[in-house]
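Below: a set of structures, written as structure tokens.
In what follows, chain A forms one complex with chain B and a second complex with chain C.
Now for the complex of A and B:
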């Protein structure tokens, strides 16, 4: 041991950066430092919210809220009330239809727009926590104004059109790519009477709408006159077309079991039997989630805009707000997939009877948030697949097994209709059968494909002997 | 050898123009200003050209105008991710040339700092490799956590984090401050744990394994023929490490093992680096135990005038064999100063590895070779 004072206490962190981090006030100090007036206002608002909740609870128990226009649990009643009032005033029914339609559209746009405002902040903060960073924290409280600052920055930037680009086609995609992200929201029920367009072929509509996005992406890649863009577009198109099929097969299982293509019916089925589809057909739920990440270009399947390979993929050449729109639509797609996932597999706006008390749209929003968190989590954790691996996974794994799963579910659906047994017995049996069949299928198919999970995680050999080629051969044998 | 880029006909009809992709010089995964010109056939690379020189600063020529001590900062800027070993390489070369001795304590400090630098550099290399594989920078930032602490140790000792300029001819520049030792101890205690944490995050990860196993395989024969060194060579299974083969700074007194891979793929190179981090921790522990008291530096003349002659001196940098070829004409400045850059020579095999591979595989392979452009271009 040396004469150095090994146990010398560290009075202060030794470097400026560490000192700065130590001097930063914690959350508790910041909360205590709020001015007295703001504390009073906060207390009053909290008390008011409690009183309001108590009043709503009283009305709910009393049964006086059901079907009233001021029923906060289901804003569909408010719109219906407005429509009845307008009709009563003698307004042309076409105008009435237009007004209520515009209101609904506005609502959807504000949901998406509102999410664009906070979504990027949420994603960046959450992923920063995964990555032991702080995330945006300089613009406003906790960096909440960061998305606005980003948007202002992007809008003020110059939009560069590459030489040789097809100008007309180059301008369309950033706008076109938003269309399916908005239209997809139409059939999603937020509460029993609260869907913008509760059509009876809702599932078909969702599948159809989701394929429009390919067009915009391919236009973007083609018109940019850039090889990275073209490669990204090619990858994305290949991906989207491949993963349409697992999505359709997964939704087919749901449709077979619930006997309906109407999204509100699918949710009502789950609410009625107090079961989530993910429990009955886990394979379909997994296939839908995984295929969706490929469909919307999110990690671990974000090969269309794989940064380390093809820079930004199909939107490499876009700058300013045009690039910003492509980035924004990614957020919009993520919550749309969250909503679809929640509707099809996670019980939609229902939560085991709680929807009687809590507004259904809040429950759905919470579920969307949960799925979104899962997406961020995946993005913060997993490396990216290679294109051939991802395509192989779709064609060799998800599609054959999806067909088998749909076949099994079809038999179960006919049993469910014909057998007069309590639902919890039949559905419980289906859940067990499907889980078991999924495990068997996956194991069997993985063996068939030659995939052996046990071959992994070898460690390098430790040696003390030196040498060249002969030593290498000796070590290897 | 493949044909030249523009002679490749992808479709066989003779009508298509080659799909040329310029990866770099500004690209997220080229680790600097490195340019790859690849001819693609769909996702498959048919031909690949490596173009270097964007960071050329004429170091070797500039070095001829400066004294040996004044040249040490250049080695910081050559391999800027492993400045300590660069410094040490030059200092040792000049010491061997002139016969200057450095005190015992300085030798131990040199070992401690170059092993710390090796950990920091391997953290960077493996982190960027996983980023290239598409993990959205999470492993990179986890590995940066330890790298930051190491850079803090450097900052405490010599005031700089990257361009340390710490090693001197005849010793080291500064004695570490009192805070250094407990901070180092803390780091050493948590490093093995943290390495296991990364292993949990990555080595058990199916996607990471699918992306790295059996990708970019370099056989032991190819590795030796291309004179690869460092983890790229050891990943191919060749047990060769200058710290054992030609011990310097008293490495012969320390107990450590050489990790070697089995297949020679990207995964093996990754794992060899992970294992080397553990071995470096082991070495530093022994060095901290054994470090003797005494001066950290011998006094040497301000302008060293070596006898006319030449020397090639090499040490094991995190990237492989960094060698200094110095020719002296008896003046205080070297007549010729040549840096054998391990990254440049390791990179030379990329063309063979890339052809026929897919673009993502080539990117991951490039990441696993761990290039530093400052050293390649000099």
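Now for the complex of A and C:
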């Protein structure tokens, strides 16, 4: 009769990964574990920041900064100051507008370019955190030089043009695909006077510009003379055309409520009433977010270049820096959509009065970062959707509900114009009504559609004609 | 058109539009022709901008360069391989006649109309801030009937497309395995 051990065996997590999760220090341990010298330096820097903030606060309250060219809260003043100075020097005013316009364009290009320098590192590191790996950390400090090393590698690679490719159309898409990623930044307001091109059809402009990208992707897929490329291009184009409609419907709701297509007006509306559009029309915000991930070909909706299905989709045949451009434009698109999302639904450069104290562009950058983080989170978490699921989601779900939502918002907008009640009451009522209607709509429509459309997938006519499914069934049986 | 910038812009954009329109006709490859057509659309959008018709310009990019061209690309893709050649079309003569007719009509209207042309100070005086608001007001006010008719037409087109691609129920003539498919399909039908 052997003696059983009294104490239970020590429970260790089963796998190395779980053990790693277990062993990670909590916030408290991390805070306590900081060396003493760093604590002193941090304290000094914090005190310095406090003094600086007090000085800035004094200047702001005093009103001494308002409208001056050295007002760093709004670089628009600096540009206006430059323009005035050049005019005062007797420079032709067409030339002054040209100079300031070139400066603004340079600023936008350096935002995008600077992001491309660091973006892939950020994305890979963050995804690595989600998946409990290290990510690139060998090239330079913390692996910061990894994007540059990648770019050098891509540029030195041989560019192969497949035989039978359409040479004329093969060269255009890598350049053309960058056009919307750059031009889309133009109407976004970074501060009250800091928009490069504050046109009064801003919303339409954004939608129009994004539709040019479709063409680039299609030309890339077609000119490669490769079936994978063509399949990827067809998928992407079909999806982008489908998802442009939910985006338009979502933006229609925003435009109806703010009564303006000018992006700065939309932001000013949200700043004036101290409310974010996502709180008033949550369904539109969700539709915009999801549809834009499809529109920019980002995971979980990146079926155009689904590696596990069609090699690299529409850019299968591209090599070297041409392929690199297609990969880079994904990063550029991600922050552009982040900026649009922040502008339309998250209050843009305003943050409940904080924009008086902190430069608006920093607030907008923080919001872009937040949305981008959400994108990376989605990419690290969700598996890729299937093509028919995605198309069905757009046509059977987002579009009908988007139309109903737009109807409700239109009624609310006319109420908002006519009723003379305090704004927080009407807007609060709208928020409650919209949230309730969204819940009811989604619930009802999901019941109506059935939760598992995948089990009853209908065959498309083309597949029927080609007999692909039938052949597969015969093989199986 | 007193500003030199506008004049330069006008000539450059006109050159782009006209040359790419000609290349649409000349190009042998149908896809090349489509690419040039998009370029012509974009040039036209630029011309609208020089006329300060911002709404029309953006709508031009959105509808023609963005959507119509993709539609044409799809049409080219779905036609058999032989029709990718732009060379020997049956409709050269009628096309030329119709094109000349439309061109002469547009030229006649352009010459005959008295344009309320305003530039510089007169333009600033007329408080011509935005075309979007005016377009919206006219579409939902004076021309609401035409607007509604157009939207009904689009709706009919949409429904027609759905009806055309809907799979027919071949209940009488289907083979056993097709019957199984149809049964599976019915559960998910909307």
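In this section, the second predicted complex is superposed on the first by the 396 of 477 C-alpha atoms of A that agree within 3 Å, B and C clash if a C-alpha of one lies under 4 Å from a C-alpha of the other, contacts with A are read in each partner's own complex, and residues count from 1 in each chain.
Here, a contact is a pair of C-beta atoms (placed from the backbone, for glycine too) under 8 Å apart; a residue touches a chain by one contact, two chains touch by 3 or more.
It should be emphasised that the depicted structure is a prediction, and the values quoted were computed from it without experimental measurement.
Participant: So in the superposed three-chain picture, is A:68 touching just chain B, just chain C, both, or none of them (first/second/both/neither)?
Facilitator: neither
Participant: Report for A:385: first if it touches chain B alone, second if chain C alone, otherwise both or neither.
Facilitator: Touch status of A:385: first partner only.
Participant: With the two structures laid over each other on chain A, which partner does A:131 touch: chain B (first), chain C (second), both, or neither?
Facilitator: In the superposition, A:131 touches chain B alone.
Participant: Output check: A:212 vs chain B and chain C. Expected answer is one of first, second, both, neither. What do you get?
Facilitator: It touches chain C, and chain B stays clear.
Participant: What is the shared patch of chain A, the residues that chain B and chain C both contact?
Facilitator: Of chain A, residues 234, 453, 456-459, 461, 464, 469, 473 contact chain B in one complex and chain C in the other.
Participant: Going by the contact rule set out above, which residues of chain A touch chain C in the complex?
Facilitator: These residues of chain A touch chain C: 94, 166, 168-169, 172, 199-201, 204-205, 207-209, 211-212, 214-215, 218-219, 222-223, 234, 237, 241, 261, 396, 449-450, 453, 455-459, 461, 464, 469-470, 473.
Participant: Taking the complex as given, what residues does chain B use to touch chain A?
Facilitator: Within the complex, chain B contacts chain A at residues 19-22, 27-29, 40, 42-43, 105, 130-138, 141-142, 145, 152, 155-156, 177-179, 181-183, 185, 201, 203-211, 220-221, 224, 234-241, 244-245, 257-262, 268, 271-272, 275, 289, 291-293, 358-361, 363.
Participant: Under the touch definition given earlier, write down the residues of chain A that touch chain B in their complex.
Facilitator: 1-10, 14-15, 17-18, 127, 130-133, 227-228, 231, 234-235, 299-300, 302-303, 306-311, 379-389, 453, 456-469, 471-473, 475-476
Participant: Residues of chain C touching chain A in their complex?
Facilitator: Contact set of chain C toward chain A: 3-5, 29, 31-32, 35, 38, 54-55, 58-59, 61-62, 65-67, 69-70, 73-74, 77, 129-130, 132, 165, 167, 177, 181, 184-190.
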